[in-house]
Every structure is written in C-alpha cells, then in structure tokens.
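Read through the structure below, which is laid out as structure tokens, and then see the notes.
Labels for the chains are A, B, C and D, by order of writing; each one numbers its residues from 1.
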Amino acid sequence: MALITDYLVQGGQMLLILLLAPLLTGWIRTLKAQLLRRRGPSPLQPYRDLLKLLRKDVVLADSASWLFRVAPYLIFAAIWVAAALVPTFASGLPFNWAADLIAIVALLGTARFFLALAGLDTGTSFGGIGASREMMIASLAEPAMLMIVFTLSLLAGTTELSAVARFMLNADVGLRVSLALALLALVMVAIAENARVPVDNPATHLELTMVHEAMVLEYSGRHLALIELAASLKLLLYLSLLGCIFAPWGMTTAGEDLTAYLTGVAAYLAKLGLGGFLLALFETRIAKMRVFRVDQFLGMALMLGLLGALLLFVSRSL
Amino acid sequence: MPLPLLLSLSMILLAIGLYAILASRRASCSLQVYGVSLVICVILLGMALTHLLNAAAPVTLTLPLGLPWLGAHFRLDALSAFFLIVVNLGGAVASLFALGYGQHEPAPGRVLPFYPAFLAGMNLVLLADDAFTFLFAWEFMSLSSWALVMAHHREPANARAGYLYLVMACLGTLALLLAFGLLAGANGGYDFATIRTVEMTPGLAALALILVLMGTGSKAGLVPLHVWLPLAHPAAPSHVSALMSGVMTKVAVYGFIRIVFDLLGEPVAWWWGGLVLALGGITAVLGVLYALMQHDLKRLLAYHTVENIGIIFIGLGLALAFQSNQMYASAALALTAALFHVLNHSLFKSLLFMGTGAVLTATGERDMERLGGLIHPMPWTALAFLTGAAAISALPPLNGFVSEWLTFQAILLTPELPQWLLKFLAPAAGALLALSAALAAACFVKAFGITFLGRPRSPAAAKAQETDRYSLAALFTLAALCLLAGTLPGLVIDGLSPAVGLLNGGAQLPAQQHQPWLTLVPVADMKSTYNGLLVLLFMALSGILAAVLIHGFASNRVRRSPAWDCGFPDASPAAQYTAGSFAQPIRRVFGSVVFQAREQVTMPPPGDGRAARFEVKMRDPVWDYGYAPITQAVIALSKRFNNLQYLTIRRYLSLVFGALVLLLLGIVLWR
Amino acid sequence: MNGDLGWMAMTALLAIPAGAALLLAGLPSYRLGAGLNAGAALISLLASMILFGVRPGANVYLRVDDFNTYLIILNNLVSFTTSAFSASYITHELETGRLTPKHLRFYHAMYQALVFAMNLALLANNIGLLWVAIELATLVTVLMVGIYRTREALEAAWKYFILGSLGIALALFGTILVYLAAQPVMGQGLPAMAWDQLLTHAHAFDPALLNLAFIFLLLGYGTKAGLVPLHAWLPDAHAEGPTPISAVLSGLLLNVALYAVLRFKILMNANPSALAPGPLMAGLGLLSLLFAGFMFYRRGDIKRLFAYSSIEHMGIMTFAFGMGGPLANFAGLLHMTMHSLTKSAIFFAVGYISQVKGTQRISTIHGLTATHPLLGWGFVAGVMAIAGMPPFGVFMSEFLVVSSTFAREPWLALPLVIGLLLGFGTLLWRLHGIAFGESQGANMPGPAPVTALPMMTHLILVLAAGFWLPGPLVAWFQSVAALLG
Amino acid sequence: MHSLEFDIAHFLAGGMVVISLLLLYQHRLYALLKVFALHSLTLALAVGWQAYIQEAHHLYVTAGIALIFKAIVIPAALYRIVRRLGIHRTLDVVGGVGRDMLAGAALVALAILVMLPVTAGTDAVAREDLAFALAVVLLGLLLMVNRHNAVSLVIGFMSLENGLVLAAAGARGMPLAVEISVAFSVLIALIVIGIFLFRIRERFDSVDMQAMDAFRGERRR
C-alpha cells in the first residue's frame, strides 16, 4: 500500500514540475517586466505560447535529418527525467536512488549534447555559433558543477540528492565556508546553464552574442514547444536543486501523511517564487557580458567549487 | 586444460599470416584471412569468458622454447582472462568489419600477413608468464603493428609516423627490459613466479615503477610519451587503427597492471599513487585538448585514446594510493573503475574508428573540413557513430558514463587517505577528469556534427554511399555492447571482480547482481547509487509518451523549406560552421595557454579583390620542449663524429698510437 | 678410432681449402672456379660437421674444444653460403665489366686461402700459429679489398693494410710477451706456446708481463675486430671490396679476431694477480657502440652503413664479454653467432640491391619492398633481426646483455641502452628510406628467387634461434661461458 | 763474463734505440734510408750476439735475414723507388723535429717504466732487451705517425718490426716457428708494399698520402 502511494507521489511530482515549469518562466518574465516599469505579459503567457506552437505544423529545413526531428523528444525526455530525480517537496521517493547528483548533471549533459547537434544539423551558421559557444560554456560549467557535487557529497557523505537533503535538514550543519562557496558556484553555474543574463539573454534574437536561442533557431511548431518546455524545466530543476540543497526546510520525507505533503508543496512553491524573484532582480540589475568574458565568469565558478572541495578534503583530516 | 588450446589458436593465427604472404595476391585471400581470424577470436573470447565467469583457478604451462634454461612460461589467470576478452572482442569485431572493409584495401599484400600476426602477438603478451616471453611477444606486437602502419608507405607522413612509432616502441621495450633486469636480479630469475617472491628495497622498487611507467606508458600513450600515437594510429588501415587504439593500448595497460600490481606486489610508498594519478590527470586533459584542435577525424580519435588512457591511469593511481594505505575496499572500487573503463574504451573507440573507416571508404576523406551531411546517405553508420560518440562523451545511459561515475566515486573516498599531498591531488584529478569529460563532449559534438550533419562540403562527401553489411554488423555489435554495458553495469562488475580480487589481495566489490532493479551500489546503499536501466526506461517512456501525445492530440504535419537562418538562407555549404570555427571558442579559452595558439586575420584593403585570409598558429609544447632538443642534439653530435670518417691515415695511426700510449700509462699507474 | 676420424676432419678442414686455393689459382675458367669454390666450401662444411660428434685430442699445434667447435662450424657454413652467393654475384660483376676473368681466378684462389687462414686460426692451439693464421687472413683480405683497382678501392686497401699490419705487429709483440711470461715457468720450447698448457700454468706467470701482453694483444687483435678507436680500416674495406668479401669480413673475420682476444682473456682470468681484463673490454665495447650509433646517421653508402653496424655489434659482444658472468658471456657467444649469420645475410641482400639499383648511394635507393618484394622484405627482415627485434635470435642476446648488466652495474646499462636506442633509431631511419617510399632511378630486374636462397637460409636459422636453441649448442655456450668467467 | 755479455747486449739494444731517435731526426728521404740500413745492421748484430750468448743457433738465421734483407736489399729497393718517383725532396715533418725528439725521449722513458716491474724469472738481459725493444717499437710508431710520406711510413713500420725481432731474439729459446713467421711476414709485407707503391705511382703521381686521402668513397657533406 505504502509502495503504491510512493509511486503515486513520484508520478505526482513528475507531473507537478511539468506543469509548474512554464509558470515559473512566465513568473520571472512578468517580474522582470515590472521591475523595468513595464506591464509585461501575464505569468500564464508561456502556456498559451506552448499550446499555440503545438497546434502549428512543423517547418523543417531541407537539410535537416532524422536527428533534427528526434532531438526535441530526447532533450525533453532527458531533462524531464533529470528534473524528476531532484527532490522537490518530498525526499526519499522510490526512484530517487535511480540516479545521484552526478548522474543528473550527466543527464543534462546528454540533453545539451543533442541540442548542440540539432543546432549543427541544418548546416546554418547561426546553429554553428550557438552549438560551439554552448559547448564552450558547458566545458567549464560541468566541471564547476561536479566540484560542487564533490563538496556536498563530502559533507553529506553521499552523492544521493535526497540523502543530501535529509542531511542538510537534520544534521546541524552550521555555517561552513565551503558551503557558501558551493552555493555561490552553484548559482553562477545555474545562470550559465540556463542561458540567463549576464551569460546569455533569453529574450534576444538576431544578436551574434546569443547562444541558446541560436541553436534552436531552426525549430518550429511542436518541436520548438518541446524545447521551450525543456528549457523552462531546466530552470525549474536548478531552482529546486538550490532549494533542496541549501534550503531544504519544509521538505517531507516519503511515507508521511497528506498534510505533510501539502506543507511540502507549499514550501516548495514558496521557494520557487522567491528564487524566481531573486533571479529577475539579478537580471535587471546587470548587463550581459561579452562571450569571451564568460570563461572567466565560469572559471571563477570552477575555482570556487574546487576551493570548497579542497577545504573539505583538508578539514576532514583536521 | 585451456592453455594449450589458446596457444595453438594463436599459432594458427601466425600460420594464417604466413599463408597470406603467399596467397595475398588472390582476391579470396582477404575473406579467408579475416574469416579465420574472426572465428579464432570468437573461440578465444569464449574460452576467456568461461574462465573468468567461472572464476577458475590459474593454469600454467611451460614449453621448451625461448631461453634454454628457463623455457617459455605461460599462465592464464583472471587478469589475463579479462584482458583476453578485451583483446579478442576487439579482434573479432575488427575482423568482421574487415570482411567488408578489407575489400577496398589497395595493398592487401602489406596488410593480410601482419594482421593475424598482430592479433597473435597481443594474445601472447597476455599469456606470457616470464620476462623473456613477455617482452618477446610485446616487441613482436610492436613490430607487426609497425608493418601495418607502414602498409601505405608512399605517403611520407605515414613513413614518419611508422618511424617515430617504432623508435618509441623500442624505447619502451628497453625501459621494460631494464625493469625486468632489476626484478629478475643478476642471476636471471626471469619467470614471474620467481619475480613475485623477490623482496626489493624501496629505492629499487621505485626505480622499477618509473621504468615500467616509461615502458608501458610509451605504448599506452601517457603524456609526454604519447607523441607517436596520434601519428601512427591514423596511418594504419581503419580496422587496424581500431585494434591499435582500442586494444593494443589496453595490452599496454595490462603490462602496467601485471608488473606493478602483481609482480611488484604491495606498493611500497604512497607517492606511487600520487605520481600515477597526476600523470593520468594531465594526460586526460592534454589529450582531449589536442583532440579539439584536430580536423583530421582519425587523429582526433587517436588523441581521444590518449585522453581515455589518462582516465584509466587516474583509476590505477587511486588504486595504488589506497593499497599503499591498506584501504583495500576503496582500492577495489578504483581498480574496478579502471578495468571497466578499459573495457568501455575498447568498445567505443573501436566503434568510432570503424565508423571513420566506413566514412573513409565512402568518401576517401579523413579531413572533417571536406565532409558533412553524411547522415543522409549513410544513416546507419551515422546512428552507430552517434552511439559511440555519446558513449565516449560519458553520457548516460551509455557505458562511458558508468566507468567515469565509478572513478568519481573512488575519488570521493580519498578524504580517508592520510597523506596531505594525495588529499590535494585527488580533487584536482577529479576536476581534471570532469573537465576532460566535458571537453570530450564538446569534441564529439564537433566530430559528429561536422562530419555527419549539415551539408556536404565536398563533392566526395555528396556522392557517399552507405557502407556494406559486414561493416554495419560490426558497428552495431559494438553499439549494442555499449548500450548493454551502460545499462547493466552490475553484471560487468561482477564479471571482472575476480581480476580485481587477484590484484587487490582478495578484496572485491560486493556482488551487484542481487541488487533490486540491478542498481549499481559500489560502496554502500544510501551512499551513492546509479541505475542505468531505469534511467533508460524513464527516458524511453517519457520520450515516447510525449511523442504519442503530441502526434495524437496536436499536429503531426511537416512542411519542408529552405533553412530560415534568421532570414539569410545561403546556398553555399561553405558558409556552414567548420570544425575550425567550431573549436574556435575553446581554442581561445584553453589553446591560447596550452598551445600558444595565435589567430591572424589578413584582410585586404577595400576594393582589393583578394580573399581575406585567416590562419591559426599553434605549437605542440611537448614536442617543442621535449623531443625537438633531443633530435637536434643527436644530429649535431653525429655531425661532429662524422668528421672521423674523413681523417688521413696518419691521423688514424695516431689514434692507435694514442690508445697504446694511454693504456701503457694506465698499467704504469695501475700499480 | 673416433680420434682418427676427428684428426681426418681436422686435417681436411685445413687441407681442402689450401688445396682448393692452389687448384683455383691455376684454373682458367671462372665458371668452373666458382663451382669448385662452392664445392670445396661444402666439403669443408661437411668435414666441420664431423666435429659435432667426435673430437680429436689436442697437440701443441692444433686443438678442438667447446669454444672453437661451434665457431668452426659457423665459419664453414657461412663461407659455404657466401661462396654460393658469390657465384651468382661475381658473374654479374663480370658482365658489368668491373672484373676480368683473370681477377676472378685470383679472387677464387684468395677466397679459399682466406677460408684456410680462418680455419687455421680457429683450430690453432699454438698462440704463434694463431698469430700467423690471422696475419695470413689479413694479407689475403687486403688483396681482395683492392681487387677493383679503383682509387677508392686502393685507398681502402692501403688503409686496411697499414692499420692491419700495425695491429698484427702489436699482436706479435703481445705474443712474444706471453711466451716470455710462460718461459720461466714452463721452460723453453713449443709447450710454452700451447694455449691449453699455458692455461694450466697461467697462475704462476709474472702478472706484470701478462698485463703488458694483454694490452698489446687487445690492441692488436682488437684492430682486427674493428673496435673504436682502432676501427678506421673497417668501413672503407667493407665498402670498397666485393660484397661477398664484405660478408665474410663482417661475418667471420671479426669473429676470429675477437676469438683470439677471448682466448687470451681466459689466460688472464687464470692468473689471480693480473689485472682484470673485463673493464677494459667493456669500455672499448661501449665506446664502439655509441660511436657507431652516431655514425649511422650521416652515412651515404649502404655498405659502409652496415660496416658501422658491424662495429656496433662487435662493441656489444666485447661489452658482454667484458661484463662477464654466465648470462653476459652466454649472450656474447650467442650474439657472435647471430651477428655473423644476420650480417652476412644483410650483405647478400645489399649486394643484390646495389646491383639492381646500380649504385650504393642510399639517397638514390627507395621503395625496394614495392619494386623487388623478395629482396626488399628480406632486407627489412635482416635489418630488423640485426636491430634486435623478435622473433629473431639477436633479441635473446640483447635481452640477456641489457637485463643482466642493469642488475649488476646500473650505470653501465645507461650508456648501453642509449647506444642501442641511438643505433636502432638511426639504422631504422636509413631502412625506411631504402625499403619504403616512392621508388626512383634505375630498376634492373631482381635476381632469380633461387639466388636469394643463401640469404633466406641465414634468416631462417636466425629466426629459428629466436624461438629455440639446440641443446648441444647451449651446452657448449654454457661451458665456454664458465671458462670465460 | 756475465757482465760483459750483459754490457754488449745492453749496448747494442741501446744503440738501436738511439738510431730510432736518429730516424726521427732525419729531414731527407735518402738520409732516412741510410739511417734505416744502419738500424737494421745494428739489429743484425744484436740478434747475432743473442744467438752467441744463448747458444741458440737458429737465431743466426734471423740475424742473417735482418742483415741481408733489411740492411741491404730493402733500403736499396726503396732508394730506387724514390729515385724513380723523383720524390727525394725534403720530408715535411708534422710539427717540427724538436717536438718529435721530446716525444721520443718520453716514449723511451715510458718503455722503461713499463718494463721495470718485470722481474720474476726472466734474467736482466731479457728485461733490458725488452725495454729497448718496446722503445724501438714505440719510436717506429711515432715515425709512422709523424711523416706525410709513404716511404717514410714504410720505414717507420719496418723499424717497428726491427723492434719486434729484437724482442723475439731477447726471448730465450723462442721456437723457430715464430722467427720464420716474422721474417716471412716481413717478406710478404715488403712485396705487398712494393706492389702498392707501384700501383700508387701509376694511379697518382706521388706517394704522398695526402693526395690519396682526397679519394674517399664518401665525400664530406
């Protein structure tokens, strides 16, 4: 019986994030607009866009291959699975142990791999620009991410996210330098990975500095819808990651009663809202940087992560 | 008694080679040679598998060959069985591939005799149980592969590659020779059984370790001994490249493991692990950076071999570090990771090289800048190559990820180590590993994207045809194995645990096959787990679900039109992103430091019709600072000595005279 | 009874070449001469085979023991194959007009005289006789090196003659000194020059005299063995003489000279208070090895190239014997055998190569494996064998030398390894140019496959030795190795 | 009695050393030949004296060979060759006679130094003879090394052989086989040298070895 509920909760979480993701994107857009003294679209606008896109038919470039058509589904699947593995409102769900944090990072890598290939597939120069820059950014962001993973798993003694969350929740972690470093690094990585200002600008087109948008330039219709959805899922993923690691409060563990679950969901929503607000605030306060400053930005993240890991490695022996 | 059978099968391989010398002119010869090699490799594979899976006891055999008073010793134990599997799996698939690919060989007379000999040599290295037989087979392997590298000897580049290769091989062999001299002692106890019993002083053991690192590292491609590898591997025919890169480097790894873990016994000093770890990390990153700068598909793959060897040695270094602190459980994890990666790399590297071979036969091109759009004419090859590319980029749910994941887990255990230096080295190695993984992904986006995607950049690429059945069969066998090893890693780990136990004083990983859903639990439950199978299932489910829903309830119509490209639809394929332009950001970020890469744009003034030129200058630090000085010194010295050829008779007489007077003075003073 | 058979064999080994030499000197037809030459060599080979089984007792002049048995057999084997090779080679020289029938008569006679001299040197028990035989060999080879009468040939022969006779003179002085050392102990007369009896009394000799004697003998016979810095005659003599002679020089005469040195090394070992000859020989060996390694690189003449390779390998052997010990000595003896087989095979190949290409200049010879597969691959196999690559026999000896040296004297192993690597690298560089690449220049049709038989025989022997050594040979080597200390 | 034997042997052997030094001193080819004849004559006397004091009659043969061939025939032959070739110009000595003399003196000292420790058994006569013989050998070598001219090279070589014969004679009861081989070898050596000189003349118009050193299988590159 408990097993069934567990599976139900798991499925519920998967559905929840799928439904929440566009809302989060919309929420951030609205906030940004209002911070810029504009009225801005309603937070629900992304849903409308998605539905419209789904109903349009696909315009494929002549030079596009089967990979171009398969990629959106692959990307969507990879990111959705990755997102589903991150504890959102409840930890210790039946499939959390299917993959640890390293695997989640790698799954995002898979999605990026195919996205970049799709960008190259049509043989246009914009796709190429996007793909090559995306990979350059990733080649720095991924190691930084893994360094963060090291730091956490050294603290919690595991790379299992729900276990980490539980550790952060229960054990008296206290304030640790390396944790702060890890948090900072994770935020930077998240910004880079989700193509946000200052690394990339999700709102622009026809600008030689764009990365993510350049890759998906040739996509249309349902494919574009899937990719947009996947992108907002990714953003959600990172926010809930930050939440479950650095602010696990209110998260329930599996097998609790309904109220606990509800409080968990409420807390989760609160976290998302706060995170979105901070992100919007941040993006409105700074300007986008040149592409070849990004490596310094991410190099800093990598250094922070490594520093955090090293500090722990050493402090272990103290 | 499997050993005599194994040996006689290797002998049959040699015999086939001899037969090929006589029959290589006949068209059927290629089919015969590769067919027989395929059959024999499959048999050997089966025997090795049975030996390993039954965890059978080691069997030995001594033949009255080789050194008269010693005889030729042979031994089959778990370790050699595991590597026999790697070798013969690669051999079988390569032979299968060559059944089709070999038909296009312009000079069969230079390939057919040496191919089986090469296979036999590798098998014998794994079976040898005394220093002489080991080095004999080792050098024989080098020699036969050299002949294969020289198969297309008319290209000067190949000749240079073959030369550098054999010289480096000789260097390695001499280093191993010295190491064995050290291990065997002055009165020559050359058989491994005796060597195992020898107790060495720490200093001598360390010297032996360094010599072994030189010897096996030069064959495996450890930086800075890797220079020959990216030249030699591409020069050979593609199925041979697959063997050299995917399998022969593993034989070198076997040599390292056999000598350091088995013969030398317990690592004496903790810094051994540190040394190997650092070398591995540097090798991994440098290898992938080199690869990113390459536009020649096969050379790119060869550099990736360097990278993966680095990853393997990271695992081995960790194992040494753990063993030197008697942390055998952790050492078991590190060893498992290394061996697993050995298997994985042999799978996907062979796959990629064979895919390149298919491209080569279809287009006659190796230079990515002249390829492109091959996914349309050769979809199956593209699919297989894509699988290999994803696997080598360590993407779940394929096999490359599993072994790197295990390596990461091993690194996460290093805080337990008492030594400070190791504490610092381990996370650094982890960072290097992560960096190399990410860069590898970038590199293979480039390799696959530029070669197979986009639009053809040359007429040859436009007229390509799908490759033949045999080749496709080989490619998909490997692709399937990549997927299997990625989704059912537990079974593989259980399979190679006897080998781990052999090297690790009996300590192995806990058996994985009883875990629910075949989850991978290397250390302990609730510490870190991974389940490739479930990940695959989830992805498949959600992907298919999405597809079904969308196609069912939303639109599923498709219109074709020219690419939009922000409103600049350009006819010319030349406007596509090239390999060079793809690598440009990474070159700017990393290359400017490592390779002193300098970009130079020469733009003609307005009104000038000439085309603008863009050139990149790069320096290979290892060659410029390591090898060039040595060669220059040798040349300069030989110039000096050469004058001695042109003296007058008088001067020669005075040489004798001087020698005589010197010696006389010598014995006057000797008293 | 067996003794008698042995005596017959021994006398045959001397009488047949001597008789053949006289006969050939008077024989006008060169075809018949070539045949007779090969025939005589075959008969003396068979005679030497007898020594496998039965062994005559020693007297003050001649002696057969473990040490020289295998060398005698080797000597006659190679001289036979070489005579077979020269039969086809020399006729070609005649067609190209480099030689006249008169020259050939002389050539064949001298060939047998050389075989006689070398057999005598190997059989000699009397150190004086040994010296005489080696001097005879020197004079004969001088005449044969000069046979083409070109300026280069004359100059090479002249150089060889001056340096050779100087070496001979030094060796004689050494021999006299040995006698002087022996005479007070053993009394006057022949026994004081018989090697085996010297050995039994060596412990009582005056060490100072022995030391002096050994220095002169080492320099004297070392000159003949082509050790640096006494090597100067060797490259030119090899390059300018007829190729069969180069083969015999490298394959046999150098061995004989080294054999002489070793005989006296054994004497030295027998005397406790004499200086140890080992370090001296090891030093000369290393010097030769390194020197040759550097000389390969800039060689333009293919025969001179392999002449330097002979210097290199004599260096390796001398080093091995200098190191001493059962392993190194065994390796040295094995290396002697393998080197003479391989090097003569290489010279056979080189002879044909220079004939089909019409030149000896390396820079004009390319892509042989493509144009003349049999010749080219045979050449490649030979070079790989001499470079110590398995599955050839040289690998075994180099394995033993290097590994045993490193276990005992690590600091000697370093230059040894450097020298080996250097020699390998530079030699391989040349091989690549010759065997591979785009072929250029004249391409005369290669020789008939039958004529490649001698080369193949040698290579197959070396190949077989790489896998397995026959028991009796091993036994001899081991007993001699023990004797060499 | 014994002392007298000793003195005479000593005197003759020493004389040979002095004459070797004289050989080094010569500037002109003819003079060189004359001095060499003297050298061989002294050798003959020394060997004869050894034959007398050792009662070894076969040594008289050696003495005779030395007298006839080395003191008379060969110098004469070389004299004619030199005249035929018309090369009786002055020898250019490498690096001055003075240095040669110094080097020669040093070599003599070296020879004696080497021979001094040899005491066991061999009586003083043999020892002195050996020391001088070694000196002669070394001086002959020096002569070969320090002259540009083929004839002087040959002479240097033969004076070296003289030293050998002296040593052989000094060795008591050295079997005849050896002396014969020595003489025999010298004979052959002379013939071959003669042939060589002849050929060399017809190839190059001088016996100056520098002229020949120009001809090499390989040129310097």
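Worth pointing out:
By definition in this document, a residue touches a chain if its C-beta (ideal position, glycine included) is under 8 Å from a C-beta of that chain, and two chains touch if they have at least 3 such contacts.
Model, not experiment: these values are computed from the prediction.
Most remote from subunit A, judged by the distance between CA-atom centroids, is D.
For this structure, the chains sharing the highest number of C-beta contacts are A-B. Averaging C-alpha coordinates per chain places the centre of subunit B 44 Å away from that of subunit C.
Mean C-alpha position of subunit A lies 78 Å from that of subunit C. Averaging Cα coordinates per chain places subunit B and subunit D 69 Å apart. Between subunit A and subunit D, the centres computed from C-alpha atoms are 100 Å apart.
Under the contact definition stated at the top, the residues of subunit C that touch 2 or more other chains are 158, 162, 166, 208, 212, 298.
Residue positions of subunit D touching 2 or more other chains: 114, 117, 141, 144, 153, 213, 216, 218. Looking at subunit A, one finds that none of its residues touch two or more other chains. The set of touching chain pairs reads A-B, B-C, B-D, C-D, using the touch definition from the header. Contacts from subunit D toward subunit C in the complex involve residues 114-115, 117-122, 126, 130, 133-134, 137, 141, 144, 153, 157, 160-161, 163-164, 167-168, 171-175, 177-178, 181-182, 184-185, 188-189, 192-193, 196, 199-200, 203-204, 212-213, 215-218, 221. Residues 94, 107, 110, 113-114, 117, 138, 141-142, 144-148, 153, 209-210, 213, 216, 218, 220 of subunit D touch subunit B in their complex. Against subunit D, the residues of subunit B that register as touching in their complex are 642-643, 645-646, 648-650, 653-654, 656-657, 660-661, 664-665, 667-668, 671. For subunit C in complex with subunit D, the residues that touch the partner chain are 126, 128-129, 131-132, 135, 139, 142-143, 149, 151-152, 154-158, 161-162, 165-166, 168-169, 172-173, 175-177, 179-180, 183-185, 187-190, 193, 206, 208-209, 212, 236, 239-240, 298-301, 304.
Subunit B meets subunit A in the complex at residues 372-373, 375-376, 379, 382, 386, 390, 393-396, 401, 405, 408-409, 411-412, 414-415, 418, 420, 423-424, 426-428, 430-431, 434-435, 437-439, 441-442, 444-446, 448-450, 453-455, 517, 519, 526-531, 534-535, 538-540, 542-544, 546-547, 550, 554-566, 570, 573, 575-577, 581-586, 588-589.
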